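The block underneath contains the structure these notes are about, expressed in structure tokens.
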Amino acid sequence: MNFLLEPLNLVTFFPLLGVLVLLFIKSEAKNTIRWVALGTALVNFGISLWALSMFNSSNPDLQLASQYSWIQVAGWNIQYYLAVDGLSILLVLLTTFLTPIAILSTWTAIEDRVKDFMVFFLMLEVGMLGVFLAQDLFLFYIFWEFTLIPMYFLIGIWGGPNRLYAAVKFFLYTMAGSILMLLAILWLGVNQGTFSVPELVLKGGIPADVQLWLFIAFAAAFAIKVPMWPLHSWLPDAHVEAPTAGSVILAGVLLKMGTYGFLRFNLQLFPEAAVKAAPTIAVLAVIGILYGAAVSYSQKDVKKLVAYSSVSHLGFVMLGMFALNAQGIEGAILQMINHGLSTGALFLMVGMIYEQTHTREIAVYGGLWKITPIYGSLMLIVALSSMGLPGLNGFVGEFTILLGAFGSKAFGTPIYAILSAIGVILAAIYILYMFQKMFLGPVGKIVEEVKHHGHELRDLNAREIITLLPLLVFIFWIGLYPAPFFNLIAPAVDKLLIPFRAILGG
Amino acid sequence: MTQIDFYTIMPISVLVLCASLLLLLEAFYPKGKQKQIAFFAAFGFALTLGLSISQLGNSYSGFGGMVVLDGFSNFLNILFLITGLLGVALASGYLQRMNINKGEYYVLMMFSVAGMMLMSQATDLIITFLALELLSIPLYVLAAFALNRTESEEAGIKYFLLGSYATGFIVFGIALIFGATATTSFAGIVAAIAQPATNLTLLLVGGGLVLVGFGFKVATVPFHMWTPDVYQGAPTSVTAFMAAGAKAAGFSALLRIFATLFPSFAADLMPILAVLSALTMIVGNITAIAQTDIKRMLGYSSIAQAGYILMAFVPFGDPAIRATAVAAGLFYLVAYTITSFGSWGVVIGLEREEGKGLDINDYAGLGKKYPWLALAMTVFMFSLAGLPPTLGLVGKFYLFRAIMEGKLYWLALIGVITSLISAYYYLRVIVIMYFKNGDPIINKDNLLYMSIALCVVITVVLSFMPSFLFSWASNAMLTMF
Amino acid sequence: MTGELFLFFILALTAVLTAVGMLTSRNAVYAALFLVLNFAVVAVFYLMLGSPFIALSQVTVYGGAIMVLFLFVIMLLGAENIKAEVTLKKMWPALVLSVTLLGLIIYMIVAKVPMVGLAAETSVADAAPKPLAVSLFSTYLLPFEITSFLLLVAMVGAIVLTKQEKKGAGK
Amino acid sequence: MENTQLFFNFVPWIVFFPVLGLLLNLTIGKKLSENGIGAIAVLASASAFVVAVLQAYSLSIHPEGASILVAEWIHVGDLAIDWTFRVDTLSVTMMLVVSGVGTLIHIYAIGYMHEDVRFHNDEGRFKRFFVFLNLFIAMMMVLVSGDSYMMLFVGWEGVGLCSFLLIGFWYDFDTLGRPSFANSNAAKKAFITNRIGDFGFLLAAFMMFWQFKSTNFDNVFAVVANAEPWVILWITIFILVGVAGKSAQIPLYIWLPDAMAGPTPVSALIHAATMVTAGVYLVTRSAPIFMLSHDAQYIVATVGALTAIFAATIAVGQYDIKKVLAYSTISQLGFMVAAVGMGAFAAGMFHLITHAFFKALLFLSAGSVILGMERGHHHLAHHGHHGGKHDEEVFDPGDMRNMGGLRKQMPVTFWLYMVGTVALAGLFPFAGFWSKDEILADAFLEFPHVYWILTGAAFLTAFYMGRQVWMVFFGKPRHEVAAHAEESPLIMTAPLMVLAALSVFGGALNLPGVHTLTVWLEHTIDIHPGEFNMQVALISTALALFAIFLSWLLYMRKPLTTGQPDPLKRILGFAFTGMENKWFVDEAYKFVFIDRYTDLAKFFAQTVDWDFWHEWFHNSVIAAGFVGLTKFLANPIDLGIVDNISKILARSIQYSSENFRKVQNGFVRSYALSVMLGVVAIIGYLLIK
Amino acid sequence: MIPVNYYLTLSVVLFSMGALGVLIRRNSLVVFMSIELMLNAGNLAFVTFAKMHAANLAAVHNGQIFVFFVMTVAAAEVAVGLALIVLIFRKKQSIDLDQLTHLKG
């Protein structure tokens, strides 16, 4: 029982309790199921806040550890080891925060097999939390692979017309990356004698040439997940086909597993290799930023546009992370959160209109602001947040990232930052293009079409506004007063940077 | 025959005795009530299983060193007996539905299990050879057991002819080994290897031929071709039994022979084993993708799985790691056995008379109509693909770690890449079950579903506490070296 | 060339030729008869190698029991003729592989096994049936028992396979 | 600079009041009447003005100013950016101008928007307008009161957003009220162009941080003198890019004329008086940096001067009343940028202020004219005159070719307009005269080429303003609508009168010899009072008079008639076509940048990402290749290995395909063959290795 | 004094011919016979080796007894194998292996 009362265990496995309860509810009682799922997710958010209250933000080390020896035979040393530090605390909170929101967004969108949906969704939450909390490589790998399963079903069962293709592609591409990571994990376990991440960090001493290989193996898994250019091909498929809640979680949290992986493993475990790889990663990140932005601009499907914008945004995250200085990394972490909030909100809002119109083609919309003013105004805020308007969250992240990249010793040149800053312009272009074509201009033909089907295009209802409101609060909060967030991150990042300071000087 | 001799073969004797009794019983049993035969068979297996468990920790060597009963054989014996029990559970309803319910089925199965047990205990090539035959001949018959179906007969004759063909190689191989060492006893051979006069080339080639024979039994590429045909044609309950038991038995023999006799030739044999393993994984997995018949697909899958298990044996010559490596192989063997049994069970659950319900597309809609069964199948598919939270993942983890320890990075790479490929066809089953609409029909068979549930539970629960099984496996290995 | 060697060559040639005959004869009966002849020749070799017991078993078990059974089945089925049998030249891969195997093992034997002469008279007494039998029922008791069960299984199997057929035909 | 004396502590309220106003309107605006909404907005803006006045008062006692920390913002590593308000003479000057002019325009807008929303049949947007307007004031205040480059940047982008929102206020129409994407395109263009400028700003900020470890004004200026010249040069160039974006300088000025799509108060407030001068403010603020590099000053001054004359030439060829003013604004911004570029910061600021007065006056009067025309149009349409005709062809109330003789219909507006015109043309003793001459005098001393260019621009200014006045207010109505135009109500004209008064007497702020403004600003920036140069003053006055005379010759002597081409066209020929069409810069940009980027994006999205990468590479090469391999392995290896091997062998020994087909495939044999293959391979390996 | 290699070579030749028979014949009975030939060749090798190790009585017995068991096994296999062949023949009226191609792929 003590095991379960440890905060991190509780937060990770509490959704399973919800799953258990759900199993005893009749499939027909859809609303009960929804409430139970939502309640579970909300309580879990509360638990995560409780965990946060115990988190000492000035301590750079792993905290609230729940550490048990698990598989300890014949020289195999695998632990059950959950712990949290500044690198992951925000992502944990993001996960527990977005899950109830995503569940709320499915209230009327998911009518088919609600119970299964919620079960998978809560299981997905378990997996994601596990990924962010696991400090044992084996445990991490299990959670990492485990997240694939519910997501695969979410896309495959409740997705769009081409869902099978998308689900399988999502699964295989992600798995393709992770198998290399498995080999690297095994190498570490075999040659370093432990799977525990902090122990591995402490031990260090991996030869530089091997580091590079391990770095690549880990990076393969994470880069596909992020997704870094040019490994992004699965993303538009998965996003477009996934149900709204799936897209929200996919963009909001699952992609962060990739960037988090880079942070936790590639940077912590292989600092020399990370320094060596930094320029290469920067090049890919810059290409991703510009390419993603350009490709977004040319999309006719709004969900695809948002999906490709993730390629661009996460390019920023990667750029910041490999700037290997405080600004870059802290900005990158914050930007992970920002992207989760902004893009999550964008997907939510796209889903809200899609529910009414059943089309995502940009061209049929237009003038929506006039017809649905609340929707339009909220969309504007979210869009501005996504394009990094100062005062909103996106800017704080992007600015610190670019600032970090500009003076990065790992890159040695400000050119990456300068090129990426062009991405900020391009972001304005595609976001405004989307906003203009959908919300400004004359009223689009879809309004008539909806009327034709006997409906009236309505503005957001209370539930939808409630769904979005928490996101907006954070969009403003982080934009105006990000200090509490940075304070959570800073000590851990400082600690993370110690080896890099040694290598790069200063 | 001394007391020790008796202890050594006690479980086998009991099983054989039970089988003989069952044969008599069956002959005099009123027709139509043969379902109880299954019960008796299960009782026989359970009795033997109890005996085997009671012998855990003991170590005997009997009949002048021809057979032993050590941790290794005990481990495998228990596995074989569980296989037998599950085999009975799977078969009892199936045989009735397929209208081939005859008591001899169980008799033959029990003899076959006796052969497997003997195989794991054998420390003399004569015994190994005879055990191989004792386990194979009933299987030849069982494969053809569904006499009303041409496929079954075809499977039987193919299995028989090719099995005998492989036997031919084994006999010649043993002859060469004998020629080199003047003995067929393991101890004798080991002693002879140490002597300079021994003709090592003969020994090695003999070993190669023996490897071929057992490679055939465990279905490694290129000795695998019978597998899909036979698995498809044989009655599914037999297939399940074959895929789990016969394969495990083959591995137990391979393991004992190679780990005992040939560690000094590791450098020569390792490339062969590695290539066989790699080929098996590649061909098995890739070919499985093109299958539409679920039995055939699982057949290829079992070929591929053999490749993974074989992978663990590749570094058998490295004394530093062979214990953990081979233990990883044993662990994976267990994981595979349980999982594959479960998946075959699901196949049986859906199989209709006249071979209907065997196409993958017949699984469409299973997820909606029978969510529990679909969930079970999903767990098995995940386990075979090596995804959490299943035993398969833990098993693969151990396996790959062993290979990494052996510094066989390329093989590990092939292993992980092919397991990625395998995910594709395992997923396809899931895709069809959950994402496609259909109206599958399943058979009523409580015993079957209980067995499946048991397999699910073991697959999932053991994945969270694999230490016990792994330490058992590695201790079992240590008794052998 | 000693007489013994001459005998060996004659017999070896016979063995090979009968084997070839078996492989190539279109009629299954001929094939079986060729094989009987082959087994008989091998039995002579066993004698030459000082194994009278094995030679005897060869004649009784192989020649007497197994091959008779074969012939019996052939006659029973009336399947002695198979049309359109494969000829050798169309089976290149098989031939190539077999010859390669042959070559490989012969190479091994020639290269690796010392050319030890086998004296005909040595230790014939030791391989005499009686000590062999003693050994069979003491040292090799377990395998012997196993073979008994093996035969039982084979019997049961054969019955299972054929019994059903009769029943089915009767219905 | 912690100074909490007097009213310094109140300074954050200069932002909070407008925010409060917009929040109030957002929440309870629905329940209020138009006047209520307007009152809240005006009050918010006026409160900000009061705060600004209080700050000015405090400064007059404590001229060293104060920094008021509100909260920390971005603290990462050694980067520390705070929400700190800065009160010094420069920022307070801007606060006063912005909130003062802003408040007047708020008042004016109540009247203007009342009618505007009715002409567009969408009364619901009245509230939205004032929300945006208050937001703009708040953002502008953040801009001018920020204590660091980054806080300035928040306002900088914030006003850009407001500009976007307000240009696209009638987002579902074009400027003539037809359903279209035109207005929203203009809005988008403004935002994106501004973002290009912001890109430069950001890079400047990055460079400052990494060179000086801060973006705080004081910290930067404290160490900037030690920086290497290339650093200074690059920082200034990056700042210039930002300035070019915001203050509509070459080459980024293109958005400003399109920005006239917004309602006229917006054009007056944002795109003439306040926001666009942010660039001038920025350069003035960065004076310590610019002063360090003569090259930078040279570049900035030249860019400003070129913009001044370039835009002036275009203004000459425009027919839309607001477009003329828009290009005039660009031109005047060029004056200011040239001034601050030369280091004549006081002159630049002086011109900024006076320009705010008279340009706001001009725009608002133009708005009054347009509304008057609208009223006439409305009147006609309602009274059924030629109703059918009006439906077919859309009437442009802003086209000067439709006007003429409005002096009689709208006398108040006419006189107000005249004041503005004279001030802009720089005639003695109006405000424009003093500020412009101070710039010219400085230029004459510092950069002669700038002086000559600016003089030319001043000449053109007087000319196009003359042209405009003649065309709009004199002669005969060239359209029946003009004949029915009506005067605007007092709520609109009253603020204009205030502005007119300021335009007349604004010059008093910095009269030669007294230099009130210069002395005021000296507390903040290191400047010297400019010398009054009689020669320059005379030349410019003469030129202005000559230009007005020229315009009289062309446009007044023989007033234009309906449909008559511009008389200049005859004289200037192609050159005028260029002026009319803005020298085709928009078209060139569209061709060179916009179309190319769109094509490139399409190419990347469709060809590279989808067709090639997604479809071809992932689907065809990876997926199909995989499937093909599978099939190959599934079939040939497993089933036809005999076939395949024999195929190869058969070919090698030239077997006929006829013979080959006869090869019979026995499967058991194939399987056995496979086993055999394995045996041979293993034995072979063991023996031969 | 016949060298041991002679016997062994003969054994290998017979073994290879048996293996070849399996590969080239379609008549399942003949294929089966070929397998018997292979086993027989193995036996010959065994006996030869037993003779080679004649100095060691245990080895001689070991080899010969193994041969004996192989014969037994062969007998058991024949029983099952012939039963299967009969079974197939009854159903298909043929023992042609090439007609047993229902299972493939």
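Per-chain numbering from 1; labels A, B, C, D and E assigned in written order.
FYI, a contact is a pair of C-beta atoms (placed from the backbone, for glycine too) under 8 Å apart; a residue touches a chain by one contact, two chains touch by 3 or more.
Computed from a prediction, not measured in an experiment: that's the story for all the values here.
If you take subunit B and subunit C together, the chains in touch with both are D, E. Touching subunit A and subunit E at once are the following chains: B, D.
Greatest centre-to-centre distance from subunit B is found for D, with centres as Cα means. In this assembly, C is the chain whose CA centroid lies farthest from the centroid of subunit A. Among the chains present, the centre nearest to the common Cα mean is that of A. More inter-chain C-beta contacts link the pair C-E than the other of B-D and C-E.
Centres computed as Cα averages put subunit A at a distance of 43 Å from subunit B.
Subunit B and subunit E, compared by their mean Cα positions, are separated by 26 Å. Inter-chain spacing, taken between the CA centroids of subunit A and subunit D, is 35 Å. The geometric centre of subunit D is 94 Å away from that of subunit E, both derived from CA atoms.
Looking at subunit E, one finds that residues 8, 15, 18-19, 22-26, 31-32, 43, 48, 50, 52, 65, 69, 73, 76-77, 80, 84-85, 87, 97, 100, 104-105 touch two or more other chains.
Annotation for subunit D: residues 634, 638, 664, 666-669, 672-673, 676-677, 679, 683, 687 touch two or more other chains. Chains touching one another, given as pairs, are A-B, A-D, B-C, B-D, B-E, C-D, C-E, D-E.
Interface residues of subunit B facing subunit E in the complex, by the touch rule stated above, are 125-126, 129-130, 133, 137, 140-141, 144, 147, 150-151, 153-158, 160-161, 164-165, 167-169, 171-172, 174-176, 178-179, 182-185, 228-230, 232-233, 290-291, 293, 296. Those residues of subunit A that touch subunit B in the complex are listed here as 70-76, 113, 116, 138, 141-143, 145-146, 148-149, 152-153, 156-157, 163-164, 167-168, 171-172, 175-176, 179-180, 182-183, 186-187, 189-190. The residues of subunit B lying in touch with subunit D in their complex are 158, 161-162, 165-166, 169, 201, 204-205, 208-209, 211-212, 215-216, 221-226, 228-229, 268, 271-272, 282-283, 286-287, 289-291, 421. Every residue of subunit E that touches subunit C in the complex is listed here, in rising order: 1-10, 12-21, 23-27, 29-30, 32-34, 36-37, 40, 43-44, 47-48, 50-52, 54-55, 57, 60-61, 64-65, 67-69, 71-80, 82-87, 89-90, 94-96.
Note for the complex: subunit B touches subunit A at residues 323-324, 327, 367-368, 371, 382, 387-389, 393-394, 397-398, 400-401, 404-405, 409, 412-413, 416-417, 419-420, 423-424, 427, 430-431, 434-435, 466-467, 470-471, 474.
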